[in-house]
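What follows is a single structure, written as structure tokens, with notes after it.
Labels A, B, C, D and E are assigned to the chains in the order they are written; within every chain, residues are numbered from 1.
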Amino acid sequence: MTDKLRPKEGWHVLHLYYRIDFGSWHLLSNEEKFAAKTSFSDLTPAFSFYSLTERSEYTTSEEEFGASLIEEKGLSKDSAEFSQAIEDFRARMKKYLQDRLYPNLPDWPLVCFYPMNKRRNEQQNWYALPFADRKRLMAGHAQVGRRFAGRVRQLITGATGLDDWEWGVTLFARDIFEIKSIVYEMRFDEVSARYAEFGEFYVGLQLPLHQLFTRLLL
Amino acid sequence: MTDKLRPKEGWHVLHLYYRIDFGSWHLLSNEEKFAAKTSFSDLTPAFSFYSLTERSEYTTSEEEFGASLIEEKGLSKDSAEFSQAIEDFRARMKKYLQDRLYPNLPDWPLVCFYPMNKRRNEQQNWYALPFADRKRLMAGHAQVGRRFAGRVRQLITGATGLDDWEWGVTLFARDIFEIKSIVYEMRFDEVSARYAEFGEFYVGLQLPLHQLFTRLLL
Amino acid sequence: MTDKLRPKEGWHVLHLYYRIDFGSWHLLSNEEKFAAKTSFSDLTPAFSFYSLTERSEYTTSEEEFGASLIEEKGLSKDSAEFSQAIEDFRARMKKYLQDRLYPNLPDWPLVCFYPMNKRRNEQQNWYALPFADRKRLMAGHAQVGRRFAGRVRQLITGATGLDDWEWGVTLFARDIFEIKSIVYEMRFDEVSARYAEFGEFYVGLQLPLHQLFTRLLL
Amino acid sequence: MTDKLRPKEGWHVLHLYYRIDFGSWHLLSNEEKFAAKTSFSDLTPAFSFYSLTERSEYTTSEEEFGASLIEEKGLSKDSAEFSQAIEDFRARMKKYLQDRLYPNLPDWPLVCFYPMNKRRNEQQNWYALPFADRKRLMAGHAQVGRRFAGRVRQLITGATGLDDWEWGVTLFARDIFEIKSIVYEMRFDEVSARYAEFGEFYVGLQLPLHQLFTRLLL
Amino acid sequence: MTDKLRPKEGWHVLHLYYRIDFGSWHLLSNEEKFAAKTSFSDLTPAFSFYSLTERSEYTTSEEEFGASLIEEKGLSKDSAEFSQAIEDFRARMKKYLQDRLYPNLPDWPLVCFYPMNKRRNEQQNWYALPFADRKRLMAGHAQVGRRFAGRVRQLITGATGLDDWEWGVTLFARDIFEIKSIVYEMRFDEVSARYAEFGEFYVGLQLPLHQLFTRLLL
């Protein structure tokens, strides 16, 4: 059955947030505490978010890239350089797509998650914009993200039809200051300033399970 | 009494969602667990939605169909072909209506449900649109749905006056990717982009009860 | 004391909705169950709504009716027919007012309740409309209601200053299909389409108490 | 310490609303019930509102009153009547201010409370209006209140920075019909119609504590 | 590990609000009460807010200050007075930055906290304003704050990406009247009137822990 439920492309992503009720915890015996720790996922989560990794629909197409080679670099369409550049582009995009659909997550200690929607307001309606406008806006948005390369890594997953929000954003960093900085700077970008609606923000530490229990005094 | 409560047309549809409190579940004896499983509907649901199956008010009328036969196909109103086409139309609409009011649901493993309203905002007011505009918009909306024929089956039920939302949408699919795709594509359609308000999204598996219990470790 | 709290006109109306916690119910002894059933109103309600029956402020005045007799029916103000028509009008309005303030509710099995507000938005502000506009709009609204005469009976109660919503609407019908139909049709009426805000919808059965307990398996 | 926390002017006002959990109440012994009744304020309130009595910033100033004596009544600034009128005005305003800051509440049986905000919407922004406009609007608002003199007494307290709403309105009356009437009429006044946002409405009885317990069957 | 999580600049600030459940508290033994008091931070908070102290991005730059010395004070750029004024400016700004990032909090008895957002509405969008406009607006906003110098001290912390609100405002005062006054006056300032969205307001006393327990009857 599990196999049948594997989606056509990408991974299922399940964010689960638990709340420790310390009052009840202290009432448990040591055996019960141990049992609770080893079957952690049987506790009821305080917040959950179900989404799928997804390709971006706003990436540069091979046609666009080829045209830019001719117009901007002055390459001829049947030159060896053109063919080589196209081949490199394909390899790059394949790896990019692979990273989007089957990502390797960094082991950086800080993790931030928030769900978001694109607005459908009267004068701020993302879904009423032509594709070209959305592509241009997303390109500007991506530039802000690139300025944080090496300091913040992000995972964008889609949840339209699967959960109450349309996307989930998961950020990884080594310094919480960087999380605050990127989200703050992004807020001035037109995609966020005009079209984004944010849900709750969750900040946490990425730790081996036994260190997590020690930190939580469990 | 039950018989008296059967509506003039269509079925009552009751969506019930339960949440398992694993903490309490583990405290039950085996006898209590068995009793709870066999009287599942006595648990209090975490979410419920009550609606009726309903006919669509935006289908093509016999007059419209007849006019299109004369104007577009060049048929004469008293020809045998005209009569035959009208008869076929009636049979098709009868079956369509039957399927809307007394639907056969597929046994596909994935089920998605969400309630929705049409907006009554200052500049996005569905209920202030003339009938002809609503019919045209719904026709475009239906086209998106038809592109997913064979991959996504949908059940639309009406709840105006019965529950807090006006409609319930239940989608069936074999791949969760298709659920995400159809809801995402629909969002760009004008009916959704400008006039729809969505409630919570529930995604689940359609399983024989004993398999469901096994999956939930109950 | 109770007597002193009788309002100047109309009745107090208290809608109380209870939720049965079947999990806890099964833990009660038979004695406790019996006690709970005989003192039902000591359970804490899941939803309550407190309002007063009220006269409508938009009914035809005697002056308006008299003017219409002269202008539309061509009656002379000192004719016997005019006097008779005015007398009939007074009797009809007295009965209508009596029915609004001290209503007889039908014993039809289906009951629907929802609270509502009139909007005070920037371009949809009921309370900023002149009285004449509100009267004209309410007259159109009432016409939709009259089309359901004999199928749906309604009770409108006012709660401004008494509860979180301004009005309560209680509908009675023999077929749930009629409840859905009237509320759906009303939604296209300008009063609802532009100026109404709805709360939660509650649908229930009107039953003798012992039949209610049987149905709920209590 | 308590003394130090007395504000520069006015009183602290604390509205506390409790909910009786009759299910739990019945489980208490008579001793526990008695203890609970004598230490009522140790129960956790279901709703609380903390505010301060405050002066109105929109009252007539001495300069305005003096100018109106000269312009409207034709008094000369150095006449004895002018001096007397000013003296009376000062005494009246002193008493009015005293009543606002240290009010005597009537022992009328009905009490209504609701918190409210002034709007800061795009086209309905109270805080963006010039002082003169706010003063004029509040004068019209006060006229509605004055029509209910002797039937409804009101206490306005300020909570900006202290609680989630900006003001608390407490109304006293002998007939619940008057509470409903004043709040309904006020809603058409421009201050409410365009600029007010209301919270939850609480209606209750003012009773000696032992009568309250009898009424609640405690 | 703790050391690694120290942010690049500023402090972590954690606001935790607890609710005492007096019903449960009375059921504890004296030993349990004592244990609960000595491990207070193991109770689950009713509200929490996580933010970082931060520099203001709208302070006067050295270039701006230098230009004002030349234009407004008529100083020459290579005069000794100019150099001295710049040096003083640097020292002042260094201390100001130090106070923002590593603040000394006053021991005044009253503490008020509320979280806030800047709006991104259609016509009230802070994040769509040019930097110069935001700087000018914030300068006017700061002037209101300065009028309360010596009476209200404020701590502004940033939470974009860390919590559900973008900023936390913590106010300290000796008289609750001053808290109410500053927040009320601020509301008329354009930054608040047009662009601010406020969360819940929490007012409390700053007390030694044993006095706090005495006050709460714990």
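Please note the rule applied: a contact is a pair of C-beta atoms (placed from the backbone, for glycine too) under 8 Å apart; a residue touches a chain by one contact, two chains touch by 3 or more.
The model shown is predicted, which means the values in this text are computed figures rather than measured ones.
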item: Interchain contact steps from chain A to chain C (minimum; 1 if touching); value: 2
item: Equivalent-chain rotation between chain D and chain A, CA atoms, steps of 5 degrees; value: 145
item: Same or different residue numbers at the chain C/chain D copy interface, by half rule; value: different
item: For chain B paired with chain C, centre-to-centre distance based on mean C-alpha positions, whole Å; value: 31
item: Centroid spacing, where centroids are CA-atom means, of chain B and chain D in whole angstrom; value: 50
item: Interface hub residues of chain B, defined as touching at least two other chains; value: 122
item: Touch-based graph of the chains, sorted into line, ring, star, complete or other; value: ring
item: Chain order around the ring, beginning at chain D and proceeding next to chain E; value: D, E, A, B, C
item: Footprint of chain D on chain C - complex, ascending; value: 1, 4-5, 7-10, 12, 42-44, 50, 52, 54, 120, 122, 125, 127-128, 158-164, 166
item: Residue ranges of chain C in contact with chain B within the complex; value: 19-23, 26, 109-110, 112, 114, 121-124, 171, 174-180, 182-184, 187-188, 190, 192-194, 196, 200-201, 203, 205, 211, 217
